[in-house]
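Below you will find the structure I want to go over with you.
Letters A, B, C and D name the chains as they come in the text, with residue numbers starting at 1 for each one.
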């Protein structure tokens, strides 16, 4: 039995890592975009299976890779959203070919890059080595840069360029932080891989030089925080969301931000475990609040629907950073829940926005009106999505915001005030846009919806259920992780 | 003993299922009748169950929903049962009305699914026994009603109304969220029973009061948080307006009572000053605004604001008494407030139904274009008249009883020791009296201009009486206005367990008194018997009629109106709603609305008509909301430049952040 | 022996900081590229010296990359770009050179304060190296934000990266150093000769990022 | 037995107010005319007017609704019931507990509500102007009245008019500032409510100044009779109210013998005459004011009432 379990576990990691890598190279060679779209779904599905297997049979932590209670949450979420996105993408991307925005060659490239990107993200999550994680995040970033620029319009190139430059600086800062962590670890643990492995770092971190850890954390927070999209490091995010293909926007918001956040969290855990360092929480709380209020205000003047939701992602990353920064079992639980719900909801929103952009032939908010008249299902789906992302019940984000606000207010009332103001500003902006998008006299084109609704409604169903009912095991699991996060 | 809560939850479930069913059926013509009919059945059952549960002991169940470590608590106690009864009564009346009225809906798919869900949401708010379930239901209620407000979304005004509504609702929810956060404490004791046991310091308790006033008050329509109400309530279909005005505002009152009377613990005396000031200002401002409106439904919505003010005056009095351990007096004031909750639900629903009927028959909401409807819509106009008299707090109808009880409570207040209250209570009494008197003027104007006189437009001249269901619903409510007015003792005794649970005292039992007279304290002090007054009036009036018709003349001749000898055929010569309001606008408006009149008088011999322009400002908008909007606008405009910077500047931001953090490290 | 090794490393790292400051001082494109080549050469020397004293032969690879790639190929490529695109010879600065230099010196001071406070317990070699590396990183960033031309920004980024490599090689026994330096070189290659710069050239007549941004984002 | 007597007294009360109301109106008119050195109509002219009007055919405007026809009876009935609940010659009336002072005021409010509606029913400009002004006056007079009620109720510990009268009669109440304020306020309100000079001129038909008469312009025959009767009743009611609260002497207490009732009735008639005389003198001495100065007049009443109440709240002794 044990043997089988370990066997399975070994293959599970293969599924999560090797499948995307192999398919990534394989897809680059396939000429037919239909087949490659299907294979893309298949690969994502296999990765999902792998991550689910990891749930039941977890391999032992190795030198380079590990699966523990924390990252398994991210892995499952990552592979699940990747799977639904691949389904959406398969039905969506054909339309891009019809309208001539993409050529078959680029489509081939797109599918290959999709899997490479998944490989990068999964690797970053399962890496047991801060250096490997850094490499993996860089890989994921580079692939998404390419994806963002794939339409090769001036705007897309500009967005990609901006993303690339800011991302590179972020990467550089993260690397510096990583080196510093190693420097801090080496005198205690000794030279070599051991000094870069999470599993050993966390055991010995109490003896590390706190000063070095402090500097390291500043660089890591800014470096990976750039990827998370925390203000004022966010500048790449809205444009990258707006100009890339919609499935990529969904993946960016739903996954890549989480991966970067995961890295920040890992280092925060390190810092927390050393009693002499500066508290990491207040830093994250501050950046979270700045991001929240800034993004909420930025939402008001958006004219591009995808950029709008890009800013909304910044807002939510701010909330999540705030929650994790507050710490404590309740806030951490809320942060995890919020992150999960945001991934599901935001990717679903991007699915529906993708539909909208296709049926209306535009991303300009001013040109999209009265969707609920012309496309009732789509219009209401978008409404549900915006309502859910605005933190209104009965959807999951409401639950996490409830926990964050109430727990904050009981502990530190003054912090809750800007939090609440930010939330209210966000709701105000989103609802303002919603009533324009979904209601009123319709204008413009009214093409039929072509892509699949299934991923969209699957996400909504999950978010709705989570808003009302969280299954016990999931709660225990999250609570455990929240406890780990301290 | 969980029968009550289980059956209420079953009703909620049934309503939610109806909502889902409506999504599927909305395209069929018969769906409207089916859904409203079933909603009527379900809410009727729920109402009966709630009434039966009034005197029953509290029951609670925990469902494995909501926050996983505590589940979703639902409980029925006396307070809950009373509000459940109000909610479902209003729901049943509106559903019955809508069986007929709903047939005229242009896009039933935008109303039918949300309607039962909205009622379910209101029920859930009242049933909720923990903060999470409460807020979830609260916001669900807001959302479904928002969807209903947006059902006529092609009108830009309605979209704006929906937006303002949802924003204010979110604001309220966040305030309540903070209030519950304080009540729950750092350990997250979100269940109401835990909150009840949790002792708060005086400062925190006061903070909870403030947040509850903001949160519940924004939903109820307390001045100056009421701004959304007169926009959103009229925007919805009329039966939904009735629910929003008549019932949803009561759910907000419930939230306030639940938090301030139940959860937060013993009140400080000055709390009542705050509540009384807000209540008084709300009542007077609400009715003054109502007096200036020309849109019938807007007028009714503002009148809702007024009545919420009256209810809060009652609640403020109850708080004042409770803080001074005058439990009997607190019971009286609270009974008055709760009775007004019930009464307002009845007559405001009735009035909105009437407004809906008028809208249906004429397509008009502007009373300046109506007139003479009493000839063509006899039943509607009679029912509306009853509602108008009742809401003006005139005997023998129900509105008077609750205001009378509140006056009686005011008269008990000299024993209160605090100076602040000594000054505030009589002032609140004056405000109440002023509001009542102005309400009379308001409804003379509202009813008189729209139903009496001559038709001011072709649509009004050709109005047809509405369908039987609508008429039956209105007639039923009108009868209830009368019944509650002449037999209030039944309602007061029914409220006894509710009041007992909140202030640990109750009014003396009324049904034992001869003729079911209402005797709040002692018969030598004050008493009122609506039944006798009604019988007296009926008797004297019929005596007079019989006497004159038998002994003097009974002949009627018809002729043209005399009008001081200069009758005019033009219907434009009638007094308009605007001119009717002019004296009051001059008296109060110059201060409250900064109303200014400008007359453009053409020179003698010039054939052009003279023009009177009235400019009024809306204080809360001018003082609070517009500045906030401008501030947000300015902030967004300023921040928006960040979207258009060069990459180098973005990098500078990153660089500055890095330097800042390093400096923090260097200094730390 | 230790003292000598330390002195050499110190000298090299210190010169790197100095050259970074020199980079800030340049106001002509060709001079800038030359100074950058010098920067890269110094880095290669420093890394080579580390390889020698740490007895870590794989670091020679890094040193070689630094020498060949950064000191020769990239400056050469950039010179070609400058010539081909007809970029202004002058470097447009945001604030004056003097002010930038002052800021640079302040940054070096800041880096010293932060690092020397932080690494009080670490061994001196690593400690000095880290302080210098941080200075170089900060100076590189300063260069990126205080120059308007894309080429000088790229140079700033590369000097930043040199600081990183210095830090990584100074960290005794750090695994994956070579891999990381290779990965970084790829990144830079992307930036310098990659498709973006090429496309940007194709669509806009200048590689000035400022001009690129004019198109930008959401207008209207 | 007591019960029967109680019913009899109550019935007598109702009949008495009905019988005396036109006389009070007539007396006022006569006195006013005399003061102006005119002869004036006979004292009983209002009775004759009423009988005459009742006998005439009612002429209704073409578009008069049922409300227009029923309103006079409702107004009459509400006013009558209100008047019958005010102790005139005896306290402790049989049904006085069915409505206290607040309810009496509200009953008058009901009457006014229907009168104002009737003014709007035909759709003429005069009716509207009357209704509009009437409601404006009422919107200030009613709160003032409620404040007066508060003052009285706080002194007497009851809102029951009988109890108040008994307390006043009992002599336990000394001269109080707040009582004086209430008295002045009550007189101001009474003048306004009855449409007397300086608020309204009951004798005028000058369009721009009239309030009450404008509302009833379209009424004729028996309907007009009812309305005229109701306004006479209202005048009587207010005089009775002032009398029973501020000059309660002579009121027969509950269950007294016939002599006491006779004394009560006699003193009541005297008080009515005095009231009518004072009113006539007052009206002769003063000029009618502009409509838009009325709010100041009533605002003063409201403030006086509020002041009286506040004084009581703040210091039980004043």
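Keep in mind that, in the parts below, contacts are C-beta pairs under 8 Å (C-beta built on N, C-alpha and C of every residue); 3 or more make two chains touch, one makes a residue touch a chain.
These numbers were taken from a predicted model, which means no experiment stands behind them.
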item: Third chains touching both subunit D and subunit C; value: B
item: Identity of the chain that, by mean CA position, is farthest from subunit D; value: C
item: Pair joined by more contacting C-beta pairs (B-D or A-B); value: B-D
item: Whole-Å gap between the CA centroids of subunit B and subunit D; value: 35
item: Distance from subunit B to subunit A - Cα centre to Cα centre, in angstrom; value: 44
item: Approximate Å spacing (C-alpha centroids) for the pair subunit A, subunit C; value: 31
item: Euclidean distance of C-alpha centroids - subunit A vs subunit D, Å; value: 78
item: Subunit D: positions in contact with at least two other chains; value: none
item: Shared-contact residues (touching 2 or more other chains) in subunit B; value: 643, 645, 647, 651, 654, 658, 662, 665
item: Residues of subunit C engaged with two or more neighbouring chains; value: 114, 117-118, 141, 144, 209, 212-213, 216-218
item: Touching chain combinations (by label order); value: A-B, A-C, B-C, B-D
item: Subunit C contact footprint on subunit A (complex, rising order); value: 129, 131-132, 134-135, 138, 142, 149, 152, 154-155, 157-158, 160-161, 164-165, 168-169, 171-173, 175-176, 179-180, 182-183, 186-187, 190-193, 195-196, 209, 211-212, 214-215, 239, 242, 302-304, 307
item: Contact footprint of subunit B on subunit A as seen in their complex; value: 161-162, 165-166, 169-170, 173, 214-215, 218-219, 221-222, 226, 232-233, 235-236, 238, 278, 283, 294, 297-298, 300-301, 330, 370, 372, 376, 387, 390, 392-394, 398-399, 402-403, 405-411, 413, 416, 420, 423-425, 427-428, 431-432, 435-436, 439-441, 467-472, 475, 479
item: Parts of subunit C lying in touch with subunit A, wherever the complex brings them together; value: 114-115, 117-123, 126, 130, 133-134, 137, 141, 144, 157, 160-161, 163-164, 167-168, 171-176, 179-180, 183-184, 187, 190-191, 196, 199-200, 203, 209, 212-213, 215-218, 220
item: In the complex, subunit B residues that touch subunit D; value: 371-372, 374-375, 378, 385, 389, 392-395, 400, 404, 407-408, 410-411, 413-414, 419, 422-423, 425-427, 429-430, 433-434, 436-438, 440-441, 443-445, 447-449, 452-454, 515, 517, 523-529, 532-533, 536-541, 544-545, 548, 551-553, 555-564, 567, 571, 573-576, 579-584, 586-587
item: List of subunit C residues in touch with subunit B within their complex; value: 94, 107, 110-111, 113-114, 117-118, 138, 141-142, 144-145, 147-148, 153, 209-210, 212-213, 216-219
